[in-house]
Every structure is written in structure tokens, then in C-alpha cells.
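Structures incoming, each one as C-alpha cells.
Each of the next two complexes has chain A plus one other chain: chain B in the first, chain C in the second.
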Partner chain A sequence: MKTVTLTLTNPSELFIEGQNITPDNFAGRKAAEIAALDVWEGKQKSPLGKYFTVEGDGGATAEETKIVLRGDCTRVKRIGQQMTAGEIVIEGNADMYIGGWMKGGKIHVKGNVDSFCGIGMEGGELIVDGNAAHHLGSSPRGEWRGMQGGVIRVAGNAGNDTATFINGGTIVIGGDADIHISTHGEGGTVIVKGNAKGRVGGQMVKGDIYVYGTIENPLPGFSMVDEVEQEVDGETARFAHYIGDLGERHPTSKGKTVYANLYTKL
Partner chain B sequence: MPKKIENVGCPYCGVCCDDLVVTVSDDGKQILEVENACAIGNQIFHHATGSERVKLPRLRQPDGTYKDISYDEAVDYAAKVLYNAKKPLIYGFGSTNCEGMAAAAKVAETAGAVLDNCASICHGSSFLAIFDNGYPSCTLGETKNRADVIVYWGANPAHAHPRHMSRYSIFPRGFFTGKGHKSRKIVVIDPRHTDTAQVADIHLQVKQGHDYELFDAFRAVVRGHEIPEEVAGIKRERILEVVEIMKKARFGTIFYGMGLCHSDGRNHNVDIAISLTRDLNDYTKWTIMAMRGHYNITGPGAVWSWQYGFPYCLDLTKKDIAHMNPGETSSVDLAMRDEVDAFINIGTDAGAHFPIEAVKHLRKHPWITIDPNICMASEISDLHIPVGIVGVEVPGIVYRMDNVPIQYRKVIDPPEGVISDEELFERIHKRLSELEAEEAAKGPAKAAPEGVRAEE
Partner chain C sequence: MSELIIKNGFVFDPLQGIKGDRMDIAVKDGKIVETSALSSPKTIDATGMTVMAGGVDIHSHVVGPKVNVGRLFRPEDKLFKSPHKSPTCNRMEMGFSVPSTFKTGYDYARMGYVFVNEAAMPPLHSPHVHEEIRDTPIIDNAAMPVFGNNWFTLEYLKNNEIENNAAYTAWLLRATRGFGLKVVNPGGSEAWGWGLNCANIHDPVPYFDITPAEIVKGLIETNEFLGLPHSVHLHCNNLGNPGNYVDTLESLKLAEGYAPKNDFGREQVLHLTHLQFHSYGGDSWGNFESRTKDVMDYVNAHDNITVDMGQVTLDETTTMTADGPFEHHLCSLNHLKWANVDVELETAAGVVPYIYSPKVKVCTIQWAVGLEIGLYAKDPMRTFITTDHPNAGPFTRYPQVITWLMSRAARDETMKTFKWLERTIDATSIDSIDRELGLYEIAQMTRAGPAKALGISNTYGGLAPGMDADIAVYALNPEDMPSDPAMIEKAFSRCAWLIKDGVVTVRDGEVVEEPAKRTVWVDVKVPENAQVQRDIYEHFLRHYSVKLDNYSLFEEHLHNPRVIEVDTTQ
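After this line comes the complex of A and B, so read on.
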């Protein structure tokens, strides 16, 4: 695997839109060619090299390309958007849409990320060591087919609207989550290891949610059915099992109604 | 002889009352009387001729004072600000006509700007819910003529839409609602005991910020499930009672306002309200409607959806791609994150409505206000361009809260020399195109088509 190191040496006045910073776009390109790729600052299109110094060439394919971002990328959006393979390591913070519409590969952010990260994700792995803001692994506006697959791991807290319209894949939040988890969900799994503020599984049709801590404001549409022992994220524990959202439509499978499941740790 | 003008549309709220009678003086310069309008609508007409108006654009001077300049100079200044900015923001449009909005969109597209309207801090969350979940709505006429159950949820029309209840919802006698008020049940759901709650048959005093839970309980009950003893501060029996009234209605409308759009969860509150409306249609006819604020705030949604496919928060910086994602491209977020470097405030007052931090960020960059009157935004601007008041001095198309277009007309002429929003934006667009052409002329000439340089 070949490594391309981008160092943000000349920060932008506004935000940089770096949708070209993906292994797919860097593959098969020399450092100088990578520096000539387009990035946007508002309506101004500039070469990547205006803001970043580029060291190292891309691999032959996306799989063989690793990108390391250094410097303060707090104001860089859309890194790894739509990537299909390869690896990205962001040494510090990053802004919005990190790993948005991602299909494969791996992104590791060592700091925090802003909103809309991993939206519309179809595959791959997004790891955030810090916190994530809102709409983590959510669906883009107006899209009723949300996250399809892949894994998102956030060590810290997540904002509101995590996993809206989730259809598949897994989201693991190490800390607390704000309101609205898996709203309109039709599949997938969300694991919150801390507390959830409320509206967990609102309008949810199918899928699973695990909350290890407390839910400050549980929804009236969830009803407890039994206690179960389950293995979740490598550890086994006992959970109270709720079904819901009873206010929402639910499909039937083999003559039985399929509900969404909410598990809270006992 | 003073002249009476009948069937005049009111440029105040989203109800768009079109039955006003305005009396104008002999010379057509003074508005003497306004009949049928509410206190606020009345004031808008009287303000046009009864107050000192700004008649020329005013440019901020180094000493902090304003100096009158010509419209040509103002247009040049605005065009240069837009041209030089990397990401200008054009925001407002609550109080102008659709013609002005279309012209402004032309400017935004040429300038590579972000185009946003007051829905961004108002019913924008409704748009998001509508994208996700549809909009089983109707016109106000249908509500007036058919509805026997009205729900106001998080809305207080007694103050915000003064004639809504008398024209369309509670009091009027319609085709199938001949008994008017007597045959209607009114439910108000609001954490406060508002003046609207005062006229309700049932007032559910929901715990502030917990509307979503209450909707969820309503939905569970509609589907025949058990709910807890108390939800969001409302006892189970009360919820069952209201659900029964809703299921037995002949025709019902849920009118909702800022109580849903701007309490925790925002679009999801509206989203689940739409889901409830859909559920109720298994039993009877139910509709839902946003209590849109200004008389033409529905307009930009209609105009820009037609032009770009999105109603608000339009990022046109890539010029050939329209991108919309509130949270990123919404005005307040752009301001708070320092994402824009020029601001045009048109037909609204961002100075008064935005959080102070957002205003401070925006104020670091050029700020232009386009407004007929002096407002907070005009007083902190670099440039204030006065325009004619739509519905009083400028005619045009406006959209009522139920998406019905209405042709507004003018009753008097604007002060001498003052132009309309549409003309102003057309002139800014022309100047902007000239600046772009000049810039293009400076660059290297494009390769001539083959055959022209045959001798080489």
C-alpha cells in the first residue's frame, strides 16, 4: 500500500470542499497530479496544492492507496466522500460529510467530526475517536433509504438524528446520544453505550437499538415484552426487550407482525 | 373625491386576506382608511404614507454615518460585493412578490451565492418533514367549507394570524358547515394557555418540548394499542377522548406552527404529525397545514422549487449544481460557522431575527439591506437600498399558506424614484453580468475554431 500525506499548510478563509480527497481519485496519480486535483472554497475552484502540501504518490488502485491528513482539517468538508476502497487517516478533527455515501474502505478520524458524517453509507468502516455531531449515519434530506451497510464507530458522543431511515449496517456510539435515534428506521443496528436523551426509535418499523445507559424520555409507543440475554459488540449482557414503535405501520412475516426492537441494559 | 379600492390583498400574514377595502386620497398619494384588515395589516398600509420614508439608497461612510447615493451607485456596489465574495448569502424574501424572488434567484445563480428565505428560521423544518413524509394537505377553502374538527397544534393564530380563525377555521359558515362555530370542535394543543386556547373546546397543555411523545401516543391509540397512564403531561383519558373526536370527524384539519417547528426535534415533530394525519385517513378525512408566517413566504418555496428543485437553503456556489442541506446551507448555520463572506438581507430583518452571534459573524463582511423601511438590519448595514412596498405600492403574485397563488395589486405609487425589488435585482444582475464579461475579456482568448487560423 502506498501512502499519500496531505498537510494543510495554507488554511482557507472559508471552508474547503474536498470531495476529491478519496483513494479512488488519488489512485494511479503522482504527487504533482494529486496537487492539481480540484477543491472548492465557496465558488472558487482551486488546485488541492493551494492549501495542502502533497507527499507521496497514489497506489495503482484505490485498495493500494492510503491517505494521511495532517494539520487542522476542522474546516475541510467531504473527505472520503463516496470512496469505495483504500484507507484514510485524519490525524485531527474534520468537518462535515466525512465518509458520506461511502461504499468501502476505511476512514479513521483521530479527532472530532461535525454533522452528516457517514450519511447514505453503503459499506466500509468509519471510525471516529472523538465526538460526532448531528445526523451521523443518517439519510440525506428527503431520502427514505438511509444507511444500507458498513460500520460506524464513534468513541465519544453523538448529536441528534443518528441513523435516521437506517436500513442496514451498524452504528456504535461509545458515549451518549442526543434525541432521535433510528427515526423511521427499517433495519440495521444502533448501539449506544452511554445514555440516550429521548425519542429512541420514533416511527421505527424494523431494526434494533441497544441502549446501555438510561433513556431520559422513553416513547409511549414502545412496550416491554421480555428480558433477554444477548451478545452485543463482543460482550454478553441481559437486556429488557421492548417492541415498537406501536404507532407506526409494521410488516408481517410468516403470519407474525415484525416490530422494531429496543433493548436497554439491565 | 377619495377613491375606494375593493378586494385588496393584505401584505401581512400567510392568511393573505383579499377582502380589504382601501380608501385613497384624491391625488392618490395618501392612504386614508383601511377596512376589514386586522390591526397589523392596517398598520402596514398606513405606514406607507404616514411615516418618513427613505427615498434613496444610503451608503455607510467611514465615520459611521449614512450618505445618500444614487440607485446606479447602489447597484454597482451590490454587484461588486457579490462578484468579489467567495460565498455570498442572499436571505429573506418573506415580504416581497414572486417576481422579485425569481429575479433574485437569477442574481444568486450568476453570483454563485447561497439563496435562502425566512423559512430557514421558520417553517423550513416543515419542508424537511414534507420531503420525508409527504403532505396530505388541502386548501383553506376546503377547511372552511367542510371541516368540523380543527386542531391548532403549537400555533397561536389569535396573535400571529389574526383573521385565520374567522375566515377559515373556527367561525365561518361554509357550504357544508352552515352552523359555523356551533358545529365545530376546536382542539388546541399548546404548553401555554394562549388566546387561541381560550376559544377551544379542548386544550391539551402539553409539556413543552414533548410534542413528539404526545403524537406517538396519539398514533399508538389510533392503532389500538395501550399507552402509559400519562404522556407529555397529558392524562391517558384525555388522549383517548381527543383521538375519539378526531376519528369521528367528518373532515378535520391540523394547523401547526412554531410550537412544532421550533421546539426540540423540529422536523420530526412535523413528520410525526403528518404520519398521524395519514393514520387518521384510515377512518375519515384529515388534512394538515403549516401556519406559514408572512403573506408570501410560501412564494420562494414555490418559485425556487420550480427553478432549482429545492425550496430553500440553496447553495448555488457551483452554479450548475443546486445543493441543499439545511444544517449546512441554512443561513444561521452558515453565519455561525463563518461560512459566508457577504450578506444581502432582503424583505426581512435578519438584524432582529437572527441570534446575536450570527449577526456578529455576518457583520464582519459586507452587509446590504434591501427594505422599504428602516429596520434593525438597515441600521447596521453597509448599504441600505429602499424599495416599494409589495401589496401597497408594487403589484405581484404571492402564495397563500395553502399554496394558492393570489395576484396582489398596488393602491398607491411608491415614493418618487423608488423602484421595486424585481427591478433592483434585474439591474444588479445586469451589472454583475457586465463585471463577469469584463473579467472574461481580461483572460486569454479561447482558441479560435479550426479553419480560422488556416495559415498557421
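After this line comes the complex of A and C, so read on.
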């Protein structure tokens, strides 16, 4: 594994569209070639090297390439967008769309991220040590095919609209989640270890949600069916088991109607 | 004085019966002229290439409110699918199945098309239609207002008042700057306002108590009474359902006994659009099958009918139609998002995304049904290539449709990707058809035929002196056609040259110039009709949400008009 270190030494005035910052794009390129890759500040296209100092060359493939970002990347968007392999470590905060449409590899953000991170995710791992804003692991606007696979872990809190149209994969939120979780979901798992605000599982067809704390305003479309003991994220606990959203269409499998499951910790 | 000569190409012009002769085409001041009329022309060398008139699309949904709903509610149709700005074009392009107005104009031009007939204009929203026409570069546009569920039309035809209906029709064509009479699910879209549909052509419309059959016949009589350039343009009842070929045959038979009356060279009284969606057998999705043969046998035997294909292209696309109940039905099948609107006294509309997948049996049967229409056609001057853009697929797939029609190998190649190949072959005749269409037939189905059916073949669709100098040159040598069908598709996707109104517009597949585009509409002069004037006044007073004064298109909405005049008072 070869490491490319980007240090933000000349911060932008506007936000930077950094979709070229991926192991896929850095692989097979020398430091100078990486510094020449395009980024956009507003509608102006500039080389990456205008803002970042670049040290180290990319590996032969994405898989063998690790990118470390230093400096305050609060204004850098789309890092790791559509990446398929390799690793990215962001030492501080980052902006929106981090790990969007990610297919593989790993991103570790040591600070906070803004909205739309991990949207349209198909695979790989997105780890955030701080908080995430809205639309975490959600589907892109208009799209009914949301998160398909992979894992998102946020140690802190998440904003609104987590996992909209989720079809697969897992999202673990260590803290609290605001309104709208797994809206229109048709698969996948969301685990909220803190409290959820409300509208949990609205129009959900299939899939699982776990809430360890309280749901301040639960939806009437979910009905409690039993109590179960389950292993979740490596620990076993007892949960109240609800099915729903009873106002939505539900497929049948082997003669039985399939519902979405909502579990709240007892 | 701009002069141009396109030298030494293989010319295909069905309107003049020219079948690939090596000829020079001369252009002067935007018109085609005799070569002897030129003094010092600029030369385009078309040696080894195919020369045709600019393409004419008889049925495509490119402008107006429902197209825009499609654009607005499908941002995912643009995501990662929009090219950055072409260095040779003025405007940004975006969208795949519902492209922006700019991309629409550029992409049609790149394929060598110059005229596109917007297939459904809700009259109340005609200003929106015309604003988007203005913003669609290069191509000339016409738009057909919808009549098949209009309260005026239903009332006049119920009482068999053809002359009054004709006066109202003339008024509405002028009010909307419309081109011809579109009919969508006659009666059914009005019934949708009551949450209902018309199950067949004899099922009366709620309240109005008139049947779809009576509406269609009344509109054919109205159309021929007025002598309009185009015929009634029908999207018939029961679209998209197994077994609907029976309704289609019944709808086609409504034209029996009617002869065209017009001064525009049109020979049909009924154009039945996107026939693919109307040629299904079986009584469920389980035994869904092609009945194209039955329908095309009828079409082939009746000269007063024209049709277009509505070819399924096996893409993810966006369906949009004034057939409101159909879109509701479609949404309940695929569970994707649905937009629905009611347009007061006039029509309805719905929009639903749809994925035609080679893995789904119904979709691959639909693909075969469409191609069978083109391949069973005895008269390519009456059978036109369309995808009912974007309903069965985007218009940018025309080159692929042409290739499927021209090459059995191309069809076989596509069929290899089908999950249910055997069942598709069993349910259709596609595998037993070896026919491969030639360039002359393609020219008939994409320019000469549609232009004639639209009644505009004095201006568009041909290369005779006096016509608009709209000329497409394709890098295809008819004496040495490529063995790889992909090369045919490539040639039709990006024409070598497009001359529009005598201006070099596309060169090597890139738009290099954006000549002025036009709005083509039909202005019909009818005798004063006090009763119809009073009916219009009354309906606007009682039922419309807008005042009569604000309804008709304002002149500033009309972009660069080309008026076709019809005078019924003589």
C-alpha cells in the first residue's frame, strides 16, 4: 500500500468539488500528476495542487492506494465519491457527499461530515468519528434505488432523512438520529444507539431498524407483535418487535406477507 | 447569396422516387434548387456517403408541461448522465430519457432530423409548450392540441354537430397555435376525472354519454370537413394491456368509408400512433403475446391509415401521456413514483418512470412487437419509425431502431441478452422474420412518409427544387454497407453533415451552427359561427379557471412562426 498525503495549505474561498480525490483516480499517478488533477471551486476548474500540497505517489491500483487528508477540509466535498477500493483517512472534518456512490474500500473521517455522505452507497465502509448531518446513506434526490450495500458507522449523531429508500447494507449511529429514518426502505438495517426523534420507518416496505433509546414521536403505522432477544452489532439484548408500515404495500414471500421490522430496546 | 452543392452522394428521396442514384444536390438561399441555378457554390464532398432529406418525426413528446414534470421529478435521469458542455454548442445539455430543451434540439440535429411534431399539447398550457419550443434549438416544431376528451368536442359530437365542432376546432388551433388533432384515449381521460376509464370503444363516457368510437368518427369527419394538412392522430383506447389488439382493430375500422379531403397531398384519414403498445394478445401478463400480424395485415390492406411504431428500446425511461388512467395503472404495476394532473375541461396527464429490461419477458415481447410492425409493413410510406419518445425509449435510440430493422444480425445480437429468449420467440414471430430493410425504406419511414402524412411534404421530407434545404448526409456507402451493424448505428447517430435551411449545422456529428428554428402551425379560416362563439364564452364564464381573454396564446409566446393556411370559406 502506498500513501498519498494531501495537506490543505491554501484553503479555497468557495467550496471545493473534490470528486477526483479517490484511490481510483490517484492509482498509477506520481505526486506531480495527482497535483494536476482537476477540482472545481464554484465554476472555476483548477488543479488540485492549487489548494493542496501533495506528497507521495499513488499505488499501482486503487486497492494499493491510501490517501491521507490533512488540514481543515470542512469546505471540501465529494472526497471518495464513487471509489471502488483503497483507503482514505480524513484527519479532521469534511463537507458533503463524502463516500457518495461508494462501491468498495474504506473511508475514515476523524471529525464531522456534512449532508449526503454515503448516499447511493453500494459497498465498502464509511466511518465517521464525529457527527453526520442530513441524508446519511440516503438515496440521491429522486432516486428510488437507495443504499445497496456496505457499512456506515457514525459515532456521534445524525441529522434528518437517514437511509431514505435503503435497499441493503448497514448504518450504525452511535448517538441520536433526527426525523425520518429508512423512509420508503425496502431492505438493509439501521441501528440507532441513542434516541430517534420521529417518523421512523415511514412508508417502509421491508428491512430492519433498531432504536436503543426512545422514539419521541412513533408512527401509528407500526404495530407491536412480540418481544425478541437478538444479537445486534456484537451484543445481545431484548427488544420490543414492531411490524410496519401497515399503510404501505408489502410483498409476500412463501405465502407470508413481508413487513419492515422496528425493534426498540427493552 | 449563400450557395452550396452536395456532390456525388448516393441520394435517397422517396418523394421523388430517387433510390440511391449518385447525384448532386444544389442549395441556394435556404432552398433546394436545380444545379444549373448555382454560380459559385461551396462544395461538400459526399462521395461514398448517403444523402437524405432532413428527418421528420411524426410523434415525440419533447416540449410542454408533462415533459417538464418528467424533467423535474426525475433528477436521477440526469445524474452522471449529462455531458459537460460541448465546445461547439451554445448551451448546456442534460438528461437521458427526458433531456433538456437544448439537448433535445442538439441531439435531433446530430441524428440529421429537422422537424419534430410534439405529440400532445394540453390546450390550456399552450404558452408553456411554445416557450419550450422557442428554447429547443435548430429543429422546427409543431404541436398537436388534444381533442379526444375536450368538453366542447364531446358535446358537439354527441349532438352530431360537425360544423360547430369544426368551428371550435379552428378556434382552438388558432388559440393554441396548434398543428392538428391529437386524440388520446378518447373519452377515457375524461372518465379518469371520475376515477374511471372507457373499457372499450363502445363504453360511454360518464355524464357526456358518448362513446370513444363516436368521438373518433366525429373527429375524422371534422378533420376532413376542415381539410387540415394532417389527419386525426389517434392514441386509441386500452393502451398497454394484454388482448388490446381487438380494440386496436376496432379503432382502425372506424376509418372505413372515409376518404381524405385536403390540398396537402395527405392520403390517410387516420394516423394510429405507437402501434406497438396496441398490438397485444393474451388475456394476462402470463400469456401475453404479439398480435402484430393481425394488426399489420389490416394496416397493409387499408390505404387510408398510417401508423408509427413506438419501438421499445430496452432502456430505463420515463412514460408520460395524456392517458391519465393508464399511468395510474402502470404505477400500480411497478410501484415507482407517479405524477398525475387534471387539465380542467380538456385532458389529463400522468408520468411514471419505467424500466424496459431485457430480463423481463413482457419487455422483450414488447421489443419484438415493435420491430414486427416495421418488418411486416408492406408500405413504408405509411409506417414510421418512432419510440413514442420517451414512452417506449428515448428518441436518441432511433439509430439503434434503424439498425434493428436493417440487420437480422443486430436483432439476433440483442436477443442474445434476453433472459426469456425462448418464451419471447414463442410469443412473437420475430425469430421467423429475416427481412432486412434498405436505406430507401428507412428514408420512407423517417422523412418522406411522415412528411406526407403530416401534409408538409411540399416543404419537408424531400429534396426536390423549391423545398427547404434540409439535408442529412450519413457516412454510409450503400454499395459497401458495413458488415458490423454497430457501424450503421454509429452513422445514423452522428450524421456527417446536416444542412438546415441551407446552413451547415452539423459537421462530423458535432453541432457547429444553430440556425433559426420555426414553429409550424395551422391557421384555418371558417365562417363566423355565433353559436360556437357563445358556447366558448359560456364555458369560460362558468367552468374555466382562466378568463377567455387570458386563454389564447399571446403573440410574444409564438416563436418564428411558419403558418400553414387553410381556407374553408371558399
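Some points to look at:
By our rule, the second predicted complex is superposed on the first by the 266 of 266 C-alpha atoms of A that agree within 3 Å, B and C clash if a C-alpha of one lies under 4 Å from a C-alpha of the other, contacts with A are read in each partner's own complex, and residues count from 1 in each chain.
Methods note: a residue touches a chain if its C-beta (ideal position, glycine included) is under 8 Å from a C-beta of that chain, and two chains touch if they have at least 3 such contacts.
All figures in this text were calculated on a predicted structure; none of them were measured in a lab.
Aligning the shared chain A places chain B and chain C in steric conflict.
Once the two complexes are laid over each other on the shared chain, residue contacts for A:Q44 go to chain B alone; chain C is not touched. After overlaying the two complexes on the shared chain, residue contacts for A:V4 are found with neither chain B nor chain C. Contact with both chain B and chain C is seen for A:R141 once the two complexes are overlaid on the shared chain.
When the two complexes are overlaid on their common chain A, residue A:E13 makes contact with chain B while staying clear of chain C. By the document's definition of touching, of the two partners only chain B reaches A:H180; chain C does not. Chain A is touched at more residues by one of its partners, and among chain B and chain C that partner is B.
Judged by the touch definition given at the top, the superposed model places A:M204 against neither chain B nor chain C. In the superposition on chain A, A:V128 contacts neither chain B nor chain C. When both complexes are overlaid on chain A, the residue A:N217 reaches chain B alone and has no touch with chain C. One listed stretch of chain C collides with chain B once both complexes sit on chain A; from 325-333, 451-459, 541-549 or 559-567, that stretch is 541-549.
Shared contact residues of chain A, touching chain B in one structure and chain C in the other: 140-142, 144. Contact residues on chain A toward chain C in their complex (touch as defined above): 140-144, 249. Across the complex, chain A meets chain B through its residues 13-15, 40-44, 96, 115-116, 134-135, 140-142, 144, 160-161, 165, 179-180, 183-184, 198-199, 202-203, 217, 219-221, 223, 245-248.
Residues 73-77, 79, 335-337 of chain C touch chain A in their complex. Contacts from chain B toward chain A in the complex involve residues 85-87, 111-112, 128, 131-132, 210, 212-213, 215-220, 222-223, 225-228, 231, 264-265, 268, 271-272, 275, 279, 317-319, 324-328, 337-341.
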